[in-house]
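Heads up, there are several structures right after this.
Both of the next two complexes hold chain A, though its partner changes from chain B to chain C.
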Partner chain A sequence: MTSESTLFSNRWLPVLLVAPFMLLIVLFFYVPIFQAFYWSFFLEQPFGGGSMFVGLDNFARVLSDREFWQAGGRTLVFMVTASSLAVLIPLILAVAADRKIRLSLPARNVLVWPKGVAGASIGVVFAFVFNPFVGILAPLNKAFPGIWAPGIDGTDAFITLIAAHVWSGIPFNFVILLAGLQSIPRTMQQAAAMDGAGPWRRIFDVQLPLIMPQLFLTLVLEFTESVTSAFALIDTITHGGPGGATTLLVYKIYKDGFSGYDLSGAATQTAILMVFVILLTAAQFVFLGRRINYER
Partner chain B sequence: MNAIDTAIRAAAASITVKDLTKAYDPQTVVIPPMDVELKAGEFTVVLGPSGCGKSTLLQMIAGLERVSSGKILIGTREVQDLEPKHRGCAMVFQNYALYPHMTVFENMAYSLKVSGTPKAERAERVAAVAKMLGLADYLHRKPGQLSGGQRQRVAIGRAIVREPAVLLFDEPLSNLDAQLRHDMRVELADLHRRIGATTVFVTHDQVEAMTLADRILILNKGRIEQFDTPKAIYHNPASVFVAKFIGAPPMNILPVTGDGAALRLADGQVVANASLTGTYQLGIRPEDIVLDGKTEGHAVKAALRFREDLGSHSVLAADLGGSTVRIATPFGADIADRLELDLNFPTSRLHLFDAATGRAIPGAFGAQ
Partner chain C sequence: MIENARSLNIAASVILLAGMLYILGPLYLTLATASQSYEFLLRNGLAWYPGDQFFNNAARIFTETRIPIQMLNSLAVAFSLAIATCILSFLSAYAIVYFRIRWAGVAFALILATIMLPVDIRVITTYQVASNVFSPVNALLDVTGLNGLIAKAFGAPVQLELSVLNTHFGLIAPLVAHGTGTFLFRQFFLTLPKDLFKAARMDGAGPVRFMFDILLPLSRTSFAALFVLTFLSGWIQYLWPLVASSTPDMQTAVVGLARLLPDSDGEVPDFPMIMAGAVIVSLVPLLMIALLQRYLVQGLVLSEK
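Moving on to the complex of A and B:
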């Protein structure tokens, strides 16, 4: 505690400095969340005009809904595939860039650009890129008619969604992982080379173990983010279709709440999703986080 | 002597460097053509100021740096184009470069694991080396839980467990504090005496060089200034560079002029008889100058500027013909409030160097 008092002579100054940020977080994050939890125990009238306490009725209704479980399952599939790819691909790129292979310098710059693009814009771009008639896969359709049809085929639509998500996740994860790799002392690599380990062996024996903190960070962030950030992509590329194949929980909540005016149902699903994400993150910390060696 | 000592002694190989050069581009030549042979089992210290190319030479032997041209032979094998792992060298790095995620045992066993040595043999060899280095109780710790000296020992253990043909050290003691550095130096000398591995040890510290080396290779701008035993280098430096680099305080170098009968300082005082003409550089070690005594040499007068009492001895700095000379005298010599010193330069202790090239002129004062 002594360090705090030496840093700030006035004890209210730090509070004042943090206040604007805390205000934003409370107003736009904590309040809505508690609101959602609160509403999940009430039956809300769609156009205002009072609500009625119904206990766990909302939960019973949502949990017995087949569509909820389907959307949940799709969320899980998306979470696992999209986030592991969104870590794996930047990892490969970062290892390559760290090895200073040809063109790694321009690549390092180009790879960071998607970070500056909003989710919805990425969606619009990818809707165009993967368009079956004018996109990059259009020639495939010419050779094998109907093989690529994200507008009709649910799997194709899902792949489009994952590709867009992974692409948008590359910059951040790439930067974090590359920074991790570059903080490994050069002599460590040389020592491994002297010990007889070739480049591939060094990746697995020295580099990967030493960037575990960075890998863990990107994985945790990816898992939590993949649940929510898919919304912008779904809303611009597939609108949840075809036939609900890309309706993840986050999109279903939006549709139920703002198109179906089932405010209580949406609030209940939000609460469930929130608890699920919290449990998942906690599990990652318990099972993975403890085994990570932060020593250098 | 146990099994691992014998094995390392048997594996020791000579290193031969032929016409070796290193240049990053035509303008930046780090090492001009170099020829040198390091004998099997010998402890060679490569000494030089920073930027003299000593680490580059070591890295080229190790295979971590490409050679620009020339050959490196380990034993009779040409290795300059081989990968590090095929050269049979092991290296101890300045910052130890231990794997922080592995235990001491895993660190030392890693090279054996990579080379596919059976598990039982791995454990046996690591145990033998750990015992030799006093690390047996620390095998299950991570490097982060060890002290600086212990980490250093693990790094050495990791290098010798493979029974390498050549053991390379890249300034391994410079991260340690003074006391530990001294202790490790003694340990290293002892270790080399026991295992007899061919050792190349790079440093900029002359004390390490003098105490550890069988022979010292002194580099200046990539060129070999002198390659000889510590004793020979100290007593017969081959150039002004070597003379000034070895010894603390370093050898005094004074400009002198020969008139055919005597060598004179800039102020005209005679320091030695010699039938030489022209300008030279005269060298004499601070501890060889005799204060207030008679020798076979000439006496000169110098103005005292300051003294440093170091406990074991005192160092006086005096002005002599416009140059500063340092004189090492016994501690507490009675020179208080004297402004003028009577100095005597024993002729047998004088070194003469060419004024232009800085190379030593042997036999300038008769037989030495």
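Moving on to the complex of A and C:
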């Protein structure tokens, strides 16, 4: 090797460096994923009672189950509403915080706080704040009985979930979008102003197009996040109720697997959900990612 | 300021105020209710102003629940997760960026793919693997027919068994298997000038020396950012600690807090005590954010690039 080279050429040292991490990843990431697909073709008995190859029977069973489709539909609704709000609200806040105003500094500080509050903790808090008997809407309930009843009305329960999800999603999306806004050269803003573009106009014609990469990224991550992180909120606020109105797929998989001991069914649904998440990410990259200009 | 835009600045101020209210409102109500008594809650509902019962409620959290020991678990999990992630990510990114190896791209792709499917999705089968970490080895021996040979030679097939469920290692390991850190370090290494490497080589530094004496000191901020990021994510985990721990003494504080809520909708739960629990459980990460916010923001931004 020459001294010009910009790389080491050792053969075994890099293997040694990557091996421990790779071992963990294979054991706790690839093996479980493989096993989920493997089990979806077998009928697994709980408590290690042996297994039997059943071909596509598990898929037929899951796909003909009305509850699966309902949970899937709810997951989709939650994904679209919760994640668009969880990107839109931080976006508006980031555009506001990007201006040189007095509130900008304290806001940048405060808006990161939810990062330190666990989904389950904020779930416990929201379960209390929106409690129909003692929460903030309790006075409203006294005036108009039954107007806010997350324990009975599925829509109310769903709204509580979304409010809690957006709350905990603000820090990451806010920080990313604000960083994007701040990396826009000031000269661009000034040039647009010289051309007669007012401040409102500049938001839509200069700032938003230029932070498309950040917007795209937050949206991609938020979609996956909303599918998975809803679990902690559901388990603390609604327990999937009322009447299954907030049973999203992650929650149903957990219930089927850990309470119902239907390992094959849970594994099959896991496999379907994983394929869905992978396809969704891929589709976003193909359809949205291509249109984004990363050049500045 | 490019021009005077009063209307826009006022609108921005109102928006920021509303945003802060949305974040702080629930936190304030939590704190206010945590400092009232259960009787107050039953009489007046939610507390809009703080009372004087906080230490009373907090004391009950410490004496009547397992949250103190669960806080220690959370601390252990978050801390070891952060340390393990920092070290393993640094080493793997170093190997991927600074060595001439043909499999670098494949290794990086395999690591990066872990970001797409979080542990919450694969929880069912991750649980199965954790219940016997040797199950892949057993399966491999069975499939390759080696076990048949072993059974013939020694009378019984090899069936290794080791469960990491309900151990700290089991709580941490599946969370370490996540690619953000490697991604973060790789991005950072790629921004370093190539001449740095050449100069070090010319001075006779080998791979180990280059890593310890040059790369490590330069990566200090990246380490801090990643540490804060993973510590927080370890502290707030819910689903995995919930299934991986079977005794209250092994659960993390967040799981313990959620268990304080009664399952049924019957009577009004003792919200003041539960809210005091929420305050206590969130104190460590919030303190961390307050003190190390610079690194957290940096970590969030870096993990994106």
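By our rule, the second predicted complex is superposed on the first by the 272 of 296 C-alpha atoms of A that agree within 3 Å, B and C clash if a C-alpha of one lies under 4 Å from a C-alpha of the other, contacts with A are read in each partner's own complex, and residues count from 1 in each chain.
Here is the rule we go by: a contact is a pair of C-beta atoms (placed from the backbone, for glycine too) under 8 Å apart; a residue touches a chain by one contact, two chains touch by 3 or more.
Since we're looking at a predicted model, the values are computed, not measured.
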> Does the superposition put A:149 against chain B (first), chain C (second), both, or neither?
Replying inline: neither
> A:112 contacts which: chain B (first), chain C (second), both, neither?
Replying inline: second
>> On the A-aligned overlay, A:187 touches which partner chain: chain B = first, chain C = second, or both, or neither?
In response: first
> In the superposed model, does chain B or chain C contact more residues of chain A?
Replying inline: C
> Looking at the overlay, what does A:209 touch: chain B (first), chain C (second), both, or neither?
Replying inline: first
> In the superposed arrangement, does A:239 touch chain B (first), chain C (second), both or neither?
Replying inline: second
>> Once chain A of both complexes is superposed, is A:54 in touch with chain B (first), chain C (second), both, or neither?
In response: neither
>> Looking at A:277, would you say it contacts chain B, chain C, both, or neither? Reply first, second, both or neither.
In response: second
>> By the touch definition at the top of the document, which applies to A:43: first (chain B), second (chain C), both, or neither?
In response: neither
> Does chain B (first) or chain C (second) touch A:171, or do both, or does neither?
Replying inline: second
>> After overlaying the two complexes on chain A, where does the chain B footprint on chain A coincide with the chain C footprint?
In response: 190, 193, 198
> Residues of chain B touching chain A in their complex?
Replying inline: 62-64, 83-85, 89-91, 93-95, 97-101, 110-111, 114-115, 142-144, 158, 162
> Which residues of chain A touch chain C in their complex?
Replying inline: 3-11, 13-15, 17-18, 20-22, 24-25, 27-33, 35-36, 39, 89, 92-93, 95-97, 99-104, 106-107, 109-129, 131, 133-136, 138-139, 151, 167, 170-172, 175-176, 179, 189-190, 193, 198-200, 214, 217, 224, 227-229, 231-232, 235-236, 239, 250, 253-254, 257-258, 263, 266-267, 270, 273-274, 277-278, 281
> Which residues of chain A touch chain B in their complex?
Replying inline: 185, 187-188, 190-198, 201, 205-206, 209-210, 212, 293, 295-296
> Which chain C residues qualify as touching chain A in the complex?
Replying inline: 1-3, 5, 8-9, 11-13, 15-17, 19-20, 22-24, 26-27, 29-30, 33, 41-42, 45-46, 88-89, 91-92, 94-96, 98-101, 104, 107, 110-111, 113-114, 116-130, 133, 135-136, 173-174, 176-177, 179, 182, 194, 197-198, 201-202, 207-208, 210, 232, 235-239, 242-243, 254-255, 257-258, 260-261, 263, 265, 268, 271, 274-275, 277-278, 281-282, 285-286, 288-289, 293, 296-297, 300-301, 304
